[in-house]
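Consider the two complexes below, in which chain A is the common component and chain B and chain C are the respective partners.
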Partner chain A sequence: MRPLTLRRLLLQCFALLVILFVVVVIAIKFGAVPVSLYALGRDLWNVLLHQRTNISSDYVLIIQNIRLPRILLGIMVGASLSVAGTSFQALLRNPLADPYVLGVSSGAGLGAILALIVEPHVTLSPVFAALLTPLGAFLGAAATVTVVYLLGRREGQIDSTTLLLGGVITASFISAIIMFLMSTLTGNLRGLSFWLMGDLSTPLQKSVYWFLGIGFLGASGAIYTTASDLNLLLAGEKEAMHLGVDVPRVRLVVYIAASLLTGLAVSVSGAIGYVGLIVPHVMRLIFGSDHRTLLPTAAIGGAIAVVFADTLARTVVAPNELAVGAVTAVVGAPLFIYLLRRRLA
Partner chain B sequence: MSGLAKQLFQTVTFAAATLLLGTAPFRAQSTSLSSSPSPVYREVTDETGRSVRIPQPVRRIVSLAPSLTETVYALGLQDRLVGDTEFCDYPPDAQKKTKVGGAINPSLEQIAALHPDLVLVTKGLNRLETVHALDSLGISSYATDPHTVNDIIASSKKLANLLGVPDAGASVAAEMEHQLAALQQRLASSPAKRVLFVVWHQPLISVGKHTFIADALRYAGAVSIVDAEQDWPQVSLEEAARLQPDYLAFAASHSEASPPGLEALSTLPGWRIMEAVANRRYAVISDAVNRPAPRIVSAIEELARQLHPELFAEKPGNLNENSVKEKMEKEKTGKDKDEKTPPPLIQPPHLAFSLLSGALRGSDAVPGGRACVR
Partner chain C sequence: MSPGSSHARHLAEAGRLANEIRLSVEQVSYAYSANPAQAPLFTLEATSFQARPGEIVAILGPNASGKSTLLKLIAGALAPLSGRILLNGFVTHSLTPRTRAQRIAVVQQESRLLFPARAWEFVLQGRHAHGRSLRFESEDDIIIAKNALAQVGAADLSDRWMDQISGGEKQRVILARALAQQPLLLLLDEPTLHLDIAAQIGLLDALRRLAAANRYTVVVVTHELNLAAEYADQVVLMQRGRCLRVGPPINIYQRELLEQVFQTPLTVELGSSGRPRVTVLAGTET
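Moving on to the complex of A and B:
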């Protein structure tokens, strides 16, 4: 492991941020409604000069009120999923761990659906009502992580194969419950099937963006404080304990924070699969497996991946839209097989 | 700095600024720019109980459901329709409108770019999320939610009032009511046929009792054998066999939902335990029956004719002489009927259905379709 310098970390993050900005520009430019680069540049220029009367109404409607909020959401969801994936991979010492594969996304989805079902039957203040779905998603995610973790333990140590199988089984069990709920309940659950595939098309209340942003910064900040411990954990739980790592504390912090990140992401976008799997891997290949660099680079990488995938989802069959989860799965599933085979070889 | 680099730089700087500042400062402006200087709003409650503000007059309409598109045409407001979905295929002119995607996943930006005064949605098809999204963009939407044929009539009238053409609404409603009354008179003496309405065949999906389709069956002198609370219940073949419908009813020509050719149906495992399948007692009607729009009356009449042919063969003249004669001719000449009718616009995947839907298209323009064809 090369020694970490702040300079190198900043340089890496800067390089990724440049890529993110390019992807954001592409995402702003392309969509179902064609926007010429000239018109875009002119409008942006007027925005910068605060000459509001010269800004075209199409710009305000389409770029500012539709595309930008969606890009912002993609950035936050991608970063959350990717950091959660990185954390799960370190904690479970399994490179194939990912909120989706481990069933955590399904658990969060079930929690969110239960919250949606409960919502009409309880009277809450509007502020708390808006938080009910994220809260349900978080509880669902946390419960699933606990169950999968318990299933994956063998003689006090985490067993990779058992853990993955536990995750897959849990995910399909939860999916079955979701299917049951959807086929028995009446009312507006039709949107759920689309949502379960991963969907960023719905603009959200402004307060939700703040909530997401603060939640992301808090949870990933908490995970980042354990970055050095996560490096040592890669050697094994016992070994890390001998090296002075407070393993139970690290485990608790990372579990809660990663579940919170998954819950937040799922509650606003449904289950977008494989982002938490692929992005940390690619970042590990490029920048090495030091979690002090891996966590921030994975966050930016996740944002790039989701914004890019969502741009494809918006444009490939325009004016129809694909679920962004379908795009990430098409890329992610083959890569998952590749990683699995390489690991077995 | 080259032009492109400059634009990129601006976009990037702006993106950063927007991420920091949020989008609030410009929101107020979007309304002032996108519509006329001093828009007058009318506050109404839509059929889902939402209170909505709708600019008056409504000059630009986007429809997110085929039924609403048909209703707009039936009211003669097609010139105000600036966008619809890819499923809006009737009347054929509706296919030429700007498409905003499907009903479930329309493109918000495509809708916004059309600057509609009003977006029409229906609870049975569109997603609540779409409505919320439109709300957040300051685009007015109005939702219909018909559960009976009477609801469809009332809904068309309400929509006509909302769009400022109450007379057109009244005449469409009167036409529908007149045709239904005539039909009821004809069917009064005959007991209702027990029908299994097949929405989808694998798995077998039928209609629940709170759907407008179940109600439409009642108007056609039929009763659905399925009595479910859910709108689109999955029915086991065993249950269907236990209930033994007199007829199976299908909506044809909607390429996505077409069952296999009717010939193939009796070869599907398990289906022959229904006597109606073994004896090929099928009623195939226009997919207008799937759409809560004025044209549903013509589908109801088609179904009634197929279920109760004796009532229509006896005394032609009361309803519509031409169509009855045409119908009788068809029954006599059998397969030759298809040669007279124009080919279907969209070729359904199965031959049996394309033949049938071709025949139906020819006849359905006559009785109930009149209000829609302009």
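Moving on to the complex of A and C:
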């Protein structure tokens, strides 16, 4: 018997944070303009010592203004998508659930685009205007989860195959609407195509990072309070109830928080697929399926995965760039098929 | 007599009663319909019985007789249409899920897991309702879980994966999880359904031993006539949503009654244990 202790949990998270640090260093170093590790260390040292004058212009231009914000965004988006995926898998009792596969990301994208269309027609203070897109994305995500959940229910039970099919069909339907909106409204909505594939290269205002960070901590914190309930929920709602889980409350908390995480991620990066599928699976293989471990390790793992995938997206066809969603899909889609086949066998 | 002493005597009386009757099912009825406008698809007519600590009650009847519905009502998962179910004086349906799980443990027919778990992880789930907010298991939880596994003779299964053990072993681990809840009331829904004869007897022997040792009140839903006769202190005989009889097996096991309820010719004789034994006559459908 080896029950989870706080000490072991912290050790596991620390190990993953070390890996994340290494990946971040790699992500800073590689790119269209290579930066030597020595120069990087020297500049970082100078930043820490507040010796602004000694910092090379390369550092300020490339590292501080371009790569670091993008890495930070990748960390938050990856962690959000991964925690959302883990939560949807527990909530829908389906190991193949993922915000992208279920169409929740598309729904969030549609919500975000509708918010962008509405924005010029309403007068709001700048703070609220900045929140309009994430809010639209959240509502889009929440509405899609509801639809897919209802589609996946048969005789009061969630049927896993129907659920996945419902998700895929919903996603393609929503994509069609997005396409329609984009072709009728070009000009107003430049660069929207990134929502279809997932992309981290669009620069954002500083306040958005704060908003993302706080939203992520709040929503995943709320999910984490239900971690041990989610463990029991995997055995079915009836059984969880008999073991003392307040099932309706847990379902509501996780449903809202996971939709919020998806909405936040999609509103800044578009639909980056399969992160919420691959990362929880890998973490389950390494650390087991206890959500008290799985949620934090999946969050860090998601950050690692997206930062790494984005580094690949920036470098493999340099000086051109791939959408990061293309990289995650190349890895994620075959894994999805493998898991699906193994499940049906 | 002062009001104070009357109150004290009342309390003492209540305490004595609570000690005697743990579970009290009082005129409980239920109706199920697919939608409120239609006539109910299934009804359970007023049912009453009581059980003491250490007692095993078998709810017996053919399929669709309302056995499982009655069990769900007792578990507090359903609200009765009329009547009430009291566990130590508390209405089971009104308890919060957490409090209910501290007092009532339910063992269902089977337990499907989405992701693999080891037996000890599974048994520790029984401590969930007793845990603190983030619920890292305490030393006590671990000792209780270990004891629970030992009590059902499954200590050696502790580190095995749940999907790699036999049906009988799995059933024992599921029972251990229920014991880890440290309940007052243990409810089992067809616990012997997927077990071979040796495993069935092993499980019920364990149940009888545990009910006596830990003073659990046990309610078992089953359609195994002979297992109920052998192990139950009381039998609640059900047919098509009606409770026909309540009493010790010797009073319930009458040939005409059982033949009528189970719709099959059978004989009843007294076994060597002093309990009735039923033989379903061969060559007839069951």
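Here, the second predicted complex is superposed on the first by the 339 of 345 C-alpha atoms of A that agree within 3 Å, B and C clash if a C-alpha of one lies under 4 Å from a C-alpha of the other, contacts with A are read in each partner's own complex, and residues count from 1 in each chain.
Note that a residue touches a chain if its C-beta (ideal position, glycine included) is under 8 Å from a C-beta of that chain, and two chains touch if they have at least 3 such contacts.
What you are looking at is a predicted structure, and each value in this text was computed from that prediction instead of being measured.
A.B. asks: Label the relationship between chain B and chain C on chain A in the superposed model as either fit or clash.
C.D. replies: Once chain A is superposed (C-alpha atoms), there is room for both chain B and chain C without a clash.
A.B. asks: In the overlaid three-chain picture, which partner chain does A:Cys13 touch, first (chain B) or second (chain C), both, or neither?
C.D. replies: A:Cys13 sits against neither chain B nor chain C.
A.B. asks: Return first, second, both or neither, reflecting whether A:Leu243 touches chain B, chain C, both chains, or no partner chain.
C.D. replies: second
A.B. asks: In the superposed arrangement, does chain B or chain C reach more residues of chain A?
C.D. replies: B
A.B. asks: Once the shared chain is lined up, is A:Ala235 touching chain B (first), chain C (second), both, or neither of them?
C.D. replies: A:Ala235 contacts chain C only, not chain B.
A.B. asks: Contact-wise, after the overlay, does A:Ile177 reach chain B, chain C, both or neither (first, second, both, neither)?
C.D. replies: neither
A.B. asks: Contact-wise, after the overlay, does A:Lys206 reach chain B, chain C, both or neither (first, second, both, neither)?
C.D. replies: first
A.B. asks: Please indicate which partner A:Ala39 is in contact with in the superposed arrangement: first for chain B, second for chain C, both, or neither.
C.D. replies: neither
A.B. asks: For A:Ile286, using the defined touch cut-off, is the partner it touches chain B, chain C, both, or neither? Pick first, second, both or neither.
C.D. replies: neither
A.B. asks: For the combined overlay, can you note the least CA distance between chain B and chain C, rounded to whole Å?
C.D. replies: 27 Å.
A.B. asks: Help me check something: in the complex, which residues belonging to chain A touch chain B?
C.D. replies: Residues 21-22, 24-25, 28-29, 31-33, 37, 40-41, 44-45, 47-48, 52, 55-58, 60-62, 64-69, 71-72, 183, 186, 188, 190-191, 194-195, 201-206, 209, 314, 318-321 of chain A touch chain B in their complex.
A.B. asks: What part of chain A is in contact with chain C in the complex they form?
C.D. replies: 1-6, 93, 95, 224-225, 227-229, 231-232, 234-236, 238-239, 241-247, 284, 289-290, 292
A.B. asks: Residues of chain C touching chain A in their complex?
C.D. replies: 75, 77, 96-98, 100-102, 104-106, 108, 111-117, 120-121, 124-126, 128-129, 131, 133-137, 141-142, 145-146, 158-159, 181
A.B. asks: Quick check on the complex: what are the chain B residues that touch chain A?
C.D. replies: Answer in residue numbers: 3-4, 6-8, 10-15, 17-19, 22-24, 26-27, 29-30, 33-34, 86, 99-102, 104-110, 112-113, 115, 123, 127-130, 132-133, 136-137, 229-231, 234.
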